[in-house]
Structure formats: C-alpha cells, structure tokens
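Next come two complexes, and both contain chain A; in the first it sits with chain B, in the second with chain C.
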Partner chain A sequence: MLRLALLTVGFALAATAQYPSPVDLRVSPDARRLYIVCQGTDELVVADTKSKSIVGRVKVGHVPRGIAITNDGQRVYVTNSWADTVTEVDTATLRALRTLPAGFEPSGAALDARGAFLYVANRISNDISVIDLATGAVLKRLVAARGASYIVASPANSHGFATHIYATHIYPKIGKHCAPPESEIMEIDATRQVVSTRLPLGNVAGVFHVAISQDGRLGIATMLRPKNLVPLAHVEHGWAFGDSIAVFGEDIGGVVELPLDELERYFSLPFGVAIAPDKSKAYLSASGSNEVAILDLNRVIAAARSPRRNDLINDLSVSGTYVLAHVPVGRNPRGIALSGDGRILYVANRLDDTVSVIDTTARKVTGTIALGGTEILTRERRGERLFYSSKYAFQGQFGCASCHLDSTIDGLHWDLEPDGFGQDILDNRALEDVGETPPYKWNGSNPDLQTECGPRTERFFFRSAGFAGQDLEDLVSYIKSIPLRPNRYRLPNGELTPAQERGKAIFERSQRKDGSPIDDTQRCAFCHSGKYYTNQATFDVGTGKPTDRSPLFDVPQLTNVALTAPYMHDGAARTLEEIWTVFNPKDTHGVTNDLAKDELNDLIEFLKTL
Partner chain B sequence: MRIAIILCWLVPFAAAQHMPRYRWENFTTANGLPNDRVYSVAVDGDRIWAGTDNGLALYEKGKWRTFTTADGLAHRAVLSLSLDKRTHDLWIATMGGLSRYSAGRIDTFTQLTSGLANDVVYGVTVQGDYVWVATAAGASRLDTRTGQWSLFNERNTPMYEIWTYAVSAGEDKVYYAVWGGGVLEYDVKTERWKDYNDPDGENEIVLFKDQGLIHEITTSVSYVNKILWVATYFGASRYDGRNWRNFLDKDSGLPSNFLNQVKTLDGTRTWFATDKGLAYFDGANWAVYRPALDTHQPEMLVRDEKGNLRRVPVETAPAHNYVFGVDFQGDDIWVATAKGLSHGIPIHEEITQK
Partner chain C sequence: MGFAPVFKIAILLATYIFTEAPRYEPRAWLEGRDRFPEGAALTFVSSGSRRPVVPGFYATADANISFDGARVLFSGRRTRSTPWQIWELPLLRGAPRQITSGDTDCIRPFYLPEDRIVYTRVEATESFLETASLVDGKTKRLSFVPNRYLTDDVLRDGRILFEAGTAKRELYTVYPDGTGVEAVRCDHGPDRGNGRQLSSGDLIFDLGAGGLARFTSALAEQVADAPADTPNVAGPIAEVSLATWIVSERAASGYFGLYVWDTARKRLTPLDISANANSVDPVIVATRAAPTRFPSGLVPTRTTGNLLCLNAHVSRTPLPETPLHTVRVYTEDNRESPQLLGETAIEPDGSFFIEVPADKPIRMELLDAAGRIIRAQHDWFWMRPSEQRICVGCHAGPEHAPDNKVPGILLKTTTPVKMLEAK
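Let's look at the complex of A and B:
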C-alpha cells in the first residue's frame, strides 16, 4: 500500500514538477543584473548580482535556449527553440515587447554592435536568420552547417560596428560512410551580412559555444573530437572523445585544435566559453564533469603558434601547460558569462537549477543563486542528472550525453564494441519515443531499457562503473520521459499537404503501381506500424553488411525521422532518399522501385511529418 | 574591304555612336581558366564565376581559382550559374547534379541524395527562398527554408516535353524554356502552370510571325519588368503579356537564329548569345560583337532601326563567335564563349568619323 501511495505521489510529482534548468545567461552592461534563460520553465529570470536574489521573471516562448543583450542593456532577446521564435524583452519594465520569427529550433543569438540586426542560429533548419530589428522581419537566412547552434559577435570596432559574427554547429557534416567527421566555424561579415569564410575543423563533431576576445583577434570554440571509428575497447587509453577547443583568429594565424583533457583527468563535454577582457584567461564549462577550467591564454596562444601546433591535439600532456585550475560547480554547467571587468564569472548549472558565482581572482565559487523550481527531485530528474554525468565512465571520460547531445543524436556512426575494427558499425539512434519501443540495440538483442542501459553500459561503454538499482530505474525513467520536439513539417492545423497525402498513400499501399499485390513484409506500414511506426520486431531488409553480426535489424521508430540522418543501422544512407535510391535495389526495404522520382519525394515528405 | 566601306557609308553615324563599345580582354587556359569551353558566367561584385567544361572557376583579385569534383562539385561540366543576391551563395547547375557554393563550402544535391528530379541540370535560378532548377527530367523547386523539393513534369503541368533547359524568375512569374516544348509559365499567386507554344507547331519555318512563340526548341528565357524574352534555335521572341514579337536574322540585327542564351537588362535592352557572335538590342538598334567570321579580325557591326548597317572600327573582340552566355558588372559585360571567357570594358570615347 505504501509503495502504491509512493508511486501515486511520484506520478503526480512528475506531472507537476518544474525545474528552471538554466542554459545560458548574460550580465547587464552595468553589471547589476544577470539575465538567465531557464529552459524548463520558459522564463527569463532576472537576478540582482549584488544581493544574488531573483528580482524578476519574464515569460518567454517554449524551451528558450539562447540570449543576446543590447550594448545599452535596454533590450534582451531570447530564442525560443521549440516555438521557432525570439522574444524581445524590455529590461526596464521586464515585459515581452515582441515575438519575432526565426527558423526551425532557434538556439544561439547575437546582436550587431548597433543593436540593429539580430543573428539567430537555427539548429534544425541549419541556417542563420538575419532579423532587422527595426521591422522585425527576417531579411535573409545564411547557410550554416548542420545543427547550427551557438553564435557570437566580435566586439565593436572603432566605428561602433561588430566586424564579424561567428557561429558553430553541433552535428557534423554528413559525409562519406566511415570517414572522419568534419565540422566548421562559420564567419559572417557583419557589414555585408554574408558568410565570409568557413574555418574547417577536422575530426570534429559537436562544436558548442564560441567566444571572441575584446580586441577581436582571438576566438575560442569548445568542441568534441569523437573517436567513433575505433572500438571503445580503447577507452582505457583515453580514446573515446577528445574534449577540446579550437582557437582561431589573427593571434593564431589559422585554426588550431587543442586538448582540454589531461592524462587520467578528463574535461568531459566542454560547453560554455568566455574570454577575460584583458585576454589573459579563458573560462570553460564542462557539462559532463561539472567544473569550470581556467586557461592561461598566453600559454594557449604560445602552444597554438608552436611548430608542433598540428600535433598537440592528441597529446594529453600538453593541456597541463595552459590549464591553470579547475573549479567545481553545479551539475551540468552550460552557458557562462563574465562581468564586464572580468572579476566575476557566472555559470548556469542546468541540472541544479542554480547559478554559480565564481571569483576569478580567487578561482573559487563565492556564491550560488538559486532559481527556484520544484525542490523534490522526480525520478526522471534524477535520471536526467545521471544521463548528463560523466562520472560513471573510466576516469570520467564521457557520459550518455556525450553521444546523445541534448538527448538527441550526434550525427555519427560508431564502431562501439570491442569486436575488431570495422565490425558492427552502428548509427546513433534517436531517443525520442524510444521508451515504449522494445527491443533495443540495432539487432534487437536487448529486451528492455534496463538491459540496454544497465550492466551492458558498464561492460561495453564506460569500462568502469554502470547504472544499477535505483539509478538504473531513474535513468530509464528519464529516457522514457524525453520530451518530443515539435514536428516542423506538419501543417499547423494537423492536416497533410497534398504531397504528404500522396506520400501517406504510398506508405500504406498494398499494391504496386501495376496492380500486383505487395507482400506484407515489403509494405512500409507493415514494419513501421503502430503509434511509433515500429512493429518492434527484427527484420532483414537486405542492408546488412559482411561486417555485421546479423542481417536482422530492429525496426526503428520513425519519430522526427527527418532530423536523424544518417540512416539505416550503420548510418550508410546519408539522406532519406539514399535509403531507397542506393540501398534498396531489390525492394527488400519496402517496394519502392516502381515509384517515379516525384512519388519517392512524396513518400519522404510524408515521413518527415512523423 | 569594299563591303566594309559600303557598310560605313550606309549607316547613319548616330546609331553607331549610341551603341556600347568595348575593349575586350579574354581569358583562356593560357591565363588561368581550367578550360576554354565556358558555358556560363556570373558576376558577384568584384568576383567573376565561370562555369567551364572542366570545373568552376573564380576570378578574384586578378587570379583564377578552380573548384572541381574533388572540392565537392557535382560534376566537372558546369552549365549554368545563379547568384543568390541576398546571401551571395552561388547555385551551380552541372551535368551531374546541383551544387551550392557558400563561402568556400560546396554542398551537392543529386537525384540519389535529394529530391532533385535528374542529375542533368541545365539551368538554375534563385527566387527568394526558392531555388528553381531546369533538368533533363522536368523542373524542380527547392524550398530552402524547409528543404522540400517539388517536382514539375508532364504529370502535373502542361509540359509535354520534360527536357527543361533554362529558367528565369520574377516576383510574379517563373518561366522555363523547355527544349522542344516551348515555354512554361508558373504563376506565383495562383500556383498554376501555363504553356506557350509555336503556333506553327514544330515546323522549322515561320508561318505566322508575331502570333506566338517563334519555335518550340527553346534554349533560354529572361523575364524582367514583366517582359519575357525567349531564345530558340530558330530566332528570338519577346512577350509583354499580350503580344508576341519575334526576331530573325533576316529581319533584325541578330547575327544568327541559333541562340544559346538571351538576357535582358530591363525588358528592352537585351543581349543575345548566338553561334555567330554576341548581339545587343537597345529596342531599336542592334550591335554585334565578334571576331569576323571570315577574317577572324575584331568586328563590331551596328544595324539601325531602318536596317542600315555600319561596321564600327574596333581593335578587340570577344574570344570566340560561339557564345554561351553573358552577365553584367555595372557597365562591363562578361561573355562565356566556346574558346574562353571575355570581359568587355566600355569605351567612352566618341567614334571618329571616317
């Protein structure tokens, strides 16, 4: 009875619990206020920096993610990643003034120095919206890279203009199968409002925040260098992820990648970055290791200019030369912001619902700002903390979120298990709606999430500790609760466009165009059936490779399938089209070879609505 | 020599005086182009893009740089170029798919990797957030905001021949030159298609001049200020929404009826890429720029509205008679030919009376 009562309370709590989940923040120009983007409560929370108390809350759009503030401090712009909008806030009245349009899943935001144009990085539409703030209209969208997310403007020059704007992206370019990932830092000419160059980042997948020094001569971006093409057997050798930075600009003369990890001490999932006004130090948050690193920039620049500059990235002894200190902060630290004088660093601890206040001179946390929210932790919240923690992996190298960035994917295929190089290459599957779709793993060998995420995780991935007991139940609860991002391809009224309707008919058809019947097992809707578009069975669709353990693959759910490229069990199909134009010559993965090109397009338009 | 003297004598001096004259600078493989066969040219401020038979070339700060399939280009043969004037991205039509150049990065769309109808891409143009593409298997449209491809072919338009060859877009209309199928018009407001065909059918003689499109084998369209120009292998047509007016070499200043491209500046002032030289029409008078067909010496011919001819003395000419396309850089003109890329730099001195 007690157990039932607790369970009931648990369900009720899960339904009502609200956690602010701060993800980014900015300090007002007068240093008196801190503006904090709270993803979980759809708020812009305003704190007084002196009293460290909350002085206001402004309701913004759904799942806010990014923030920008005008130089005069009068306006704050918050991107609403699930509403595809930007909220303009008047800082004097703390009221929302306007809601501006953006692309799909707007994330980072940056203003030009005059505050006339807002640049917004759109994670799903892979572009940058250029918004004219005088009219509120989107002037144009600049082609970014996949998963465009974080963006920063260079400081104003002597004419009062930001000369450049830099943007990063969290998913790598979808390139050739089993080729090293490629990413870039995009540089926008803020005067012409065009992309001026793209700085290539080799072997990089997952680029996060980017900062530019006050003199505009040095840029730093946090990033991951995954070792996805060698088995995770090499975790003991520090060979799973390279937690790294890219440094670039005139001080560097190009782009140089540098490690943040040290031997036996890893700086897991680097995320936020800030550069001291005097360019003496850089500050970085590690969202998996729950700490902030302080870097000596003179030494960073010296390393990046050294003759060995291109070899340093894989040398775990080099980071010790420029990492001055690590400061422990709250759970899952994300965005960070420095006061104008560089003496105070604020850190948004997403899974603690707090902001850490760091004295940069003393190099220690001197205060914490509590953002409110439900005090009792639900099992889902506890599970989320586990999901984003890297402490379970050998020497704290990585966690679930290192591959499932923001609980999504990383756009990579992995040679995970220690079964030899090139064996059983696996695409990273999306987690949305995965909870009710057992079995798990691409070959369907794990009957439930407890098996998928439990002892197996320790053995094959973390090589140190795994999830068990209540922790495992909490983790599974979180995975089952991962919220579903809104589908951008459905009409607002829920109806289908004519092309989507035609595609639906193809998806559900039981006859070829010539009238001959299609065997059940070759019908799209046979395997991809039910609420999540999976019959939860394993099937041979003819896409197995000699290097695969079995040709039978688990039928994946199709939720938001448009966002999860590459495709198939091993990520060999770069686009939805390639599933059928390249990898289905014998109609073993659905009958599609009788379709004209426009009919295949219709089918794909329908799939994008799922 | 005698013909030249007669030409000079016949034409009123004023017409020749008002026609643009150029000093031509020519680029070939000898000075940096990857191939002499230049199918297309596009101007982006101070930068010049040339689509050649062996790669995409960029002329910047006095130097040529080449992009090939190794850089991600869909195919070595670049047939058409279209600049997005808002973003300065370049859309590239090739024999093996559609590519987009954006600040050093090339992304490619093919019939296997995307919703593009066919990999043989003859033409491309940008209309706001849409990219319209002419392929050997009908028209394709990419919505760059959503990534959705829409295909237009014989099943959903009056297109009876699906070999689309060129495309031109205004705010209200999009026009396709359909090789062997006349012209196809898309109305942006109604989202409906309409076709324009030669009233003479596929006859290669003109029975009813000015009653419609001059010929079904269309190669190029240019739509500006609600005026449509059409190039065919059998003359040119102009359509103002009500009336057609056709132009043949026998009754206009066109040097040939075989046209590869037409490009109008404002609906009136219009340039023609032909197999016998580059032609210009200012609404009344004509000019032709080329190496002379017989002597290959630089030649500029002017024909006034009354049909009088004059040979204007010039010292330079475009690289070759066989012209594929043109683009404009202020008052300068860039010309893609079968034997190089030509840059026409205006000459402002008055013609000395001979």
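Let's look at the complex of A and C:
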C-alpha cells in the first residue's frame, strides 16, 4: 500500500513539477537588474542584483531560449523557441507588450545599436529573421547555416550603429560522407542587413555562443571539434571531442581555432562566452563539466598570432598558457553575462535552477540566486542532470549531451570501436519518441534503453564507470520523457496540404504507377508503420556497405524526420531525397524508382508532417 | 622489531603509517633485490602515540589504506624465511589475512575498486604487475614485457601508475585490465619514480638526481617542485593537506627521516627521525574517494590485439623529411634477440593497421623506401587479448590529440595486416 502511495505521489510530482531551467540572461544597463530566461517555466525572471532576490516574473511564450535588451534598458526581447515568436517586454511595468513573429525555433536574439531591428536566429528554419521593431513585421530572412542558434551584435560605432551581427549554428553543414564536418560564423552587415561574409570553421560541429569585444576587433565563439572519423577505441588524449573556441576579427587577422582542454582535464561542452570591457579577460561556461574558465586574452591573441597558430588546436598542453582559472558553478551552466564594469559575472545554471554570481577579481562564486520551482527532484529531472553531465566519461571528457545536443542529434556519423575499425559507421539517431521504439542500436541488438545506456555506454563510449542502478533508471526515465518538438509542417487544423496528401498516398501505396503490385515488404508503410512509423524490426533494405558486418538494420522511428539529416544507418544520405535517388537503385528500400521528382517532393512533404 | 629512539619534533594533526627499516635501498627493486634487506616494520602514529601495525611479523612495509579508512593493505614476511606476500589487516581489531601466495615476493599493493588490488610480483629475472581479487584471491597478470616494475599508485581516473626500468626508472600508466600501457609523458626524460597523485590531480614523483617534480594536467613538461637546497627529499610522499605533506629526507645521519613539508613556504620541519633507522613511505590514515571503476571490454578468449597508427610521421621529435615507407614489427621471448613478426607498408598519410599477438612484447621500426631505419622504438609494449588500440603517431606524446579524419589505411581495408608468428 505504501509503495502504491509513493508511486502515485511520484506520478503526480512528475506531472506537476516545474523547474525554471535558466538558459540565458542579461544585465540591465544600470546594472541593477538581471533578466533571466527560464526555459522550463516559460518566464522572464527579473532579479535585483544587489539583494540577489527575485523582483518580478513575466510570462512569455513556450520554451524561451534567447534574450536581447535595448541600450536604454526599456525593452527586453525573449525568443520563444517552441512558439516561433518573440515576446517584447516593457521593463518598467514588467508586462509583455507584443508578440512578434519569427522563424522555426527562434533561439538567439540581438538588437542593432539603435534598437530599431531585432535579429533572431532560427534553429529549425536555418535562417536569421530581421524584425522591424517599428512595425513588428519580419523585414527579411537571411539564409544561415544548419541549426542557427546564437547571435550577437558588435558594439555601436561612433555613429551609434552596430556595424555587424554575428551568428553561429549548432549542427554542421550537411557535407560529404566521412568528410570532416564544416561550420561557419555568419557575419551580417547591420547597415545593409545582408550577409557580408561567412567565416569557415574547419572540422567543427556545434558552435554555440559568440561574443564581440567592445572595440569590435575580437570575436570568440565556443564550439566542439568532434573526432567522429577516428575509431573511438579509447577516450584519453582528447579522443572523442576537442572542446574549443574560435577567435576571429582584426586582432587575429582571420579565424583561429584554439583548444580549451588539458592533457587530463576537459572543459566539456563549452557554451556561454563573455569578453571583459577592457578586453583583458574572456569568460566561458562549460555546460558539461559545470565550470567557468577565465582566459587571459593577451595570451589568447598571442597564441592565435603565433607561427604555430594552425597547429595548436590538437595540442592539449596549449590551453595552460592562456586559461588562468576554472571556477566551479552549478549544473549545466549555459548563458553568461557580465556587469557593465566587468566585475561581476552571472551564470545561468540550467539544471540547478540558479544563477551563480562570480566576483571576477576574486575569481570565485560570491553568491547564488535561487529561481524557485519544484524543490523535489523527479526521476526525470535527476535523469536529465545525468544526461547533461560529463563526469561519467573517462576524465570527464564528454556526456550524452555532447552528441545529443539539447537532447537532439549532432548531425554526425561515428566510427565506434566495438564494431571494428572503419566498420559499421553509424549515424547518430534522434531521441524523440525513442522510448517507445525498442530495440535499440542500428543493428537492433539492445532490447531496452537500460542495456543501451548502461553497460554498453560505459564500456564502449565512456570507458569509465557509467550509469547503473537508480541512476540508470533515472536516465532512462528522462530519455523517455524528452518532449516532442512541435511539428512545423502540419496545418493547425490537422488536415494535410494537397502535396502532403499526395505524398501520403505514395507512402501508403501498394501499386506502382504502372499498376503492378508492390510486395508488402517494399511498401514504405510496411516497415514504417504504427504510431511512430516503425515496426520495430530489422530488415535488409539493400543499404548495407561492404564495411557493415550485417546488412540488417533496425527500422528507425520517423518522428520529426525532416530535422534529423543525414539519413540511413551510416548517415550517407545527405537528404531524404538521396535515400531514394542515390541509395535505392534496386527498389530494395521501398519502391521509389518509378517516381518523378515532383512525386518525391510530395513524399518529402508528407514525411515532414510525421 | 625494536629500533632506536625516535625524535619527534613537529606536531602533526594527522594519523599516519610509515615504514621503519634499519636498512633501506630504494633502488634495489631495479635489480630484483629487496628494498628492506634487514627487515622493516609498519608503524602507526596517532595523536603523538605510536604502535607497530603488525606485531609478530619479521617484516612489513608498503601500507595502503582502504577507501573507507578501515583496513590496511601491506606487504609482509611472517618469518625471515618466507617471501614478501600481500596481507590485509583491519585497523581497529583483527588478524592479518594473507591475500597472495607463492614462492616469489609480492610487494607494493594498492586497493582497486570492486574488491581488487594491484601489486608487483618479483621473480628472479623479472617482475610484473598483477591484480588479485580480495574475494577469491584469483590473480591476473597485467604486464607482459620482461622488465623490472614497481606499482606506485592508483589514479583517481582508475588507471594504475607504475614505474619500470632496469637502470633508469620511468613512470607509466595502465588500465586495471592491462590495456593501454603508456609512458605518463612520452619524453624519455630523467629518472623518475615513487609517483603519487595529489588531491589536485597532479602527479608528484622523485627524481634520480634528487628532489621532487610533478606533472600537471595543463603542461606536457615536468615542473620542478622541491627547491634545490633539499636535494635529498624523496618520494613517495603523503599529502596531509594542500599545504602540508609528509616527505622522506635523508638526514645527516645518513638515514631517511620523516619531515613535514610546507608547500607554500617551501620549508621542511623534522617529524620522525631515528638515529639508526630509516623512516620512509608515509601514508595518511583517512577515508578517501575510491578511484573510478574501469569497465573492461576485453574478450579473454582471443589471442591477438589490433593496432592502428593514424600518422607515423607525427612525432614529438622531428623525423627526417624522407617519407616513411614501411613499418616492421618485432616480438621477443625470454630476453632473446628480437624476432621479426612482419612488416607492412605505411600509407601516404602515415597510417597503418596491424594485428599482433596479445600478451607479448611488441616493438616497431619505421623504415624509408630504401630500407633504412628512420625511427626505432626504444621500449617494448604489449597488447591484451582483443585490445583495440590507436596511436596518434610514433612518439606523439599524450598532449597530442588526434586529427579528425579517416586514416588512409581504413579507406583501403578494415582488415589489419596479421603479424602473429615470428619469422
């Protein structure tokens, strides 16, 4: 009876628990207020910096992610990533004034110096919305790279204008199979509102926050350099990831990538970045290793200008020359913000529901602002903390979230050692709805998530004690609870567009265009059936490679499949269309070769709705 | 055993155990000889009082405290005629329990996670690293190159720190299943031994030339630690706190004594000095976090391991401009001359992929197209059954992370060149 009662309480808690989950923040120009974006409670929380107490809460849209504040401090703009909107907040009354349109999954936001235009990076539509704040209308959208997420404006010039806007993206560009991932920093001419240049980032997948010095001459972006093309035979010596920064601008004379890791210590999943007003220091948050690094920028610039500048990125003994200190903070630190005088650094600890206050002179946490929320941790919340922690991998190099960025994908394929070197190259699969679609692993060899995330993960990924017992159960609970991102391609009324209808008919068809019957096993809807569009079986669909040990592959679920490129078990298909036009010459992966380009487009339109 | 009066000078608020011995030859293990040829006794010191840890034994040494602080692991000889074996003793009450057995010496034990220990087994011509279960006593050998070894510590990340050599000591690490053996720094540096991990994560060790030095996570090079005016400070040290260590220093009498080392002021204060005995190897008695458990993926029924080199041209020490053409692989048995296992071409990008016998000494040579040896490996290493190992280069150093690109050899084949039988 007691057990039943506890179970009931547990369910009730899971249903009602609310955690603020702060992800980004800004300091008001007068330094009196801190505006904190709380993703879990759909709020903008306002704190008094002196008393470190909460003085207001403003309801914004669903799953807010980014924030910008006007130079006069009168308006704050919060992006609502799941509502595809921006909330304009009056800081005097702490009331939402307007809801502005944005693209799919708006994330970072930046204002030009006059506060006339708002630039919003849209993660799913892969573009930058330029919003005219006078009219509230989207003036234009600038094509960005995949997963456009974070954005910053350069400081105002002598005429009061921000000269440039810089944007990053968290997924690599879709490139050639087994080629190093490529990313970029997008530079926008803020005067003409056009893309002025794209700074290439070689071998980078996952670029996060970006900051520009007050003189506009130095930029820093945090990023990941995965080692997905080298067999993951072990973890030591930076074998899985290079936690890094890109430095760019006039001070550098180009773009230089620099490491943040040491020989036996990793600055896992670097995320937030801020540059001191006097350009003496930079501050970075590590969302996996729960710390802030303080960098000496003179030494950073010296390293980036040195003759060895292009050889430093894989040297784990370099960061010791410019990293001055590591300051431990709360769990999963994300956005960071400096006070105007550079003396106080605020850090949003997403999975602690707190903000750490760091005295930058003393280089230590001097206070913590609690943001409220449910005090008792549900098993899903405990699991989420495990998912985002890097402490389980050998020497704390990476965690689940290093590959499953924000619980999604990384857009990469990996060479995992237990299958042999160069064999069974595997695409990183999405986690949405994964809890209901056993078995797991591309060959379907793991019957449940406990097997997938427990012994297998610690032995072949972490190479160190991983999740077991209650921790493992908590982690699985979290993975099963990962909320589904709203589908942007379905009509609000639930009906399909004509193209989607035509695509659905192709998906479900049982006859070729010439009227001949299609064998059951060659119909799309045979394998991709059921609620999650998988029959949870393994099949040989002719996509195996000579380097695959078996041609049998697990049928993946198709939830939000339009967002999860590349495709197939090894990530060889760069687009949905390539699955049929390049990798299905004999109709073994469903009959598609009788379809015209327009019909494949229709099929894609339907798949986007799943 | 009874030694001469001891002079305690400094007051230390720590409980510790040290080894007291009339004769101490710290480098004797390099020749397979006893470090304590006239016996030794573990002494427990707490609140100014002292007592023998294991009364009734002819010799006891090498204390290591369990993670819960309740037990001590040590090497001991019950009588003068019995070899050193590994024993475990509850610190509060109880009798010593013998863990290892045999006719050979077992010394320098350390606790591992999961009720296992690691120690050094010493034989007439060589020694090796071995683990044993505290539950059933089953042992597993970890090292497979004939050499002299000495266990030094178990690192917080789960790896075993040890030193090896026959004349000059070098520090190495290995996982608790014997995989991944490598030098702590691939620098063929000075004589280093008696390594210990500090709470900061740094490795502190003594130098053959005298004094202490450390490896930090941030730097590839060693950093001098002890000032030049205390050249006789020697490890292993015991860390009482960040600011305070207990160290062994050779006193004017010629014997090693224990001193308190103030790390901030760089000052030594006498702690335990005997007029006619050595006081060495201090160990703090306290609870501590267990090292991280290492989940082995080995398949013990297999007999080979695979080795992939990403780019043989990558090296700490520059290679000649001549492109590398061939890699030649050797093994050896019973310290006889090297036996060729085979050779294979090096890809233009410097990669090669070979399968070698497990649990055998392995050494490689790099040759140019004319057959000239461009680089020959100094030391031997080993691979365990089913071990899959990748090197960034040849002598690249642990500071060198891999480039992210598919090695050329894997674009040609995913099957390693078999080099399993001596030619």
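Rule of thumb we're sticking to: the second predicted complex is superposed on the first by the 605 of 610 C-alpha atoms of A that agree within 3 Å, B and C clash if a C-alpha of one lies under 4 Å from a C-alpha of the other, contacts with A are read in each partner's own complex, and residues count from 1 in each chain.
The criterion applied here is as follows: contacts are C-beta pairs under 8 Å (C-beta built on N, C-alpha and C of every residue); 3 or more make two chains touch, one makes a residue touch a chain.
Source: prediction; values computed, not measured.
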After the chain A overlay, clash or fit between chain B and chain C? fit
Go through the superposed model and pick first if A:K227 touches only chain B, second if only chain C, both, or neither. second
Which partner, once the models are overlaid, touches more of chain A's residues, chain C or chain B? C
Is A:M186 touching the first partner chain B, the second partner chain C, both, or neither of them? first
Check whether A:R198 is in contact with chain B, with chain C, with both or with neither, and answer first, second, both or neither. first
Counting only touches as set out at the top, which of chain B and chain C does A:V143 meet: first, second, both, neither? first
For A:G320 in the superposed arrangement: first (chain B), second (chain C), both or neither? second
Hey, in the superposed model, what angle do you get at chain A between chain B and chain C, Cα centres, nearest 10 degrees? 130
If you stack the two complexes on chain A, which partner ends up touching A:Y489: first (chain B), second (chain C), both, or neither? first
Min C-alpha distance chain B to chain C after superposition on A, in Å, is 20
Can you pull the chain A residues that chain B and chain C both touch? none
Which positions of chain B touch chain A when the two form their complex? 86-89, 100, 102-105, 107, 111-115, 117-118, 129, 137, 144-151, 153, 155-156
Would you pull the chain A residues touching chain B in the complex into a rising list? 103, 125, 139-143, 145, 184, 186-187, 192, 194-198, 488-489, 499, 574-575, 577-578, 581-582, 596-598, 600-601, 604-605
List of chain A residues in touch with chain C within their complex: 178, 180-181, 203, 225-231, 233-234, 236-239, 242, 259, 261-265, 314-317, 319-320, 323, 394-395, 415, 417-418, 420-423, 455, 458-460, 462-466, 547
Which residues of chain C touch chain A in the complex? 113, 157-158, 180, 201, 216-221, 292-297, 306, 308, 310, 353, 388-390, 392, 398-407, 410-411, 413-414, 416
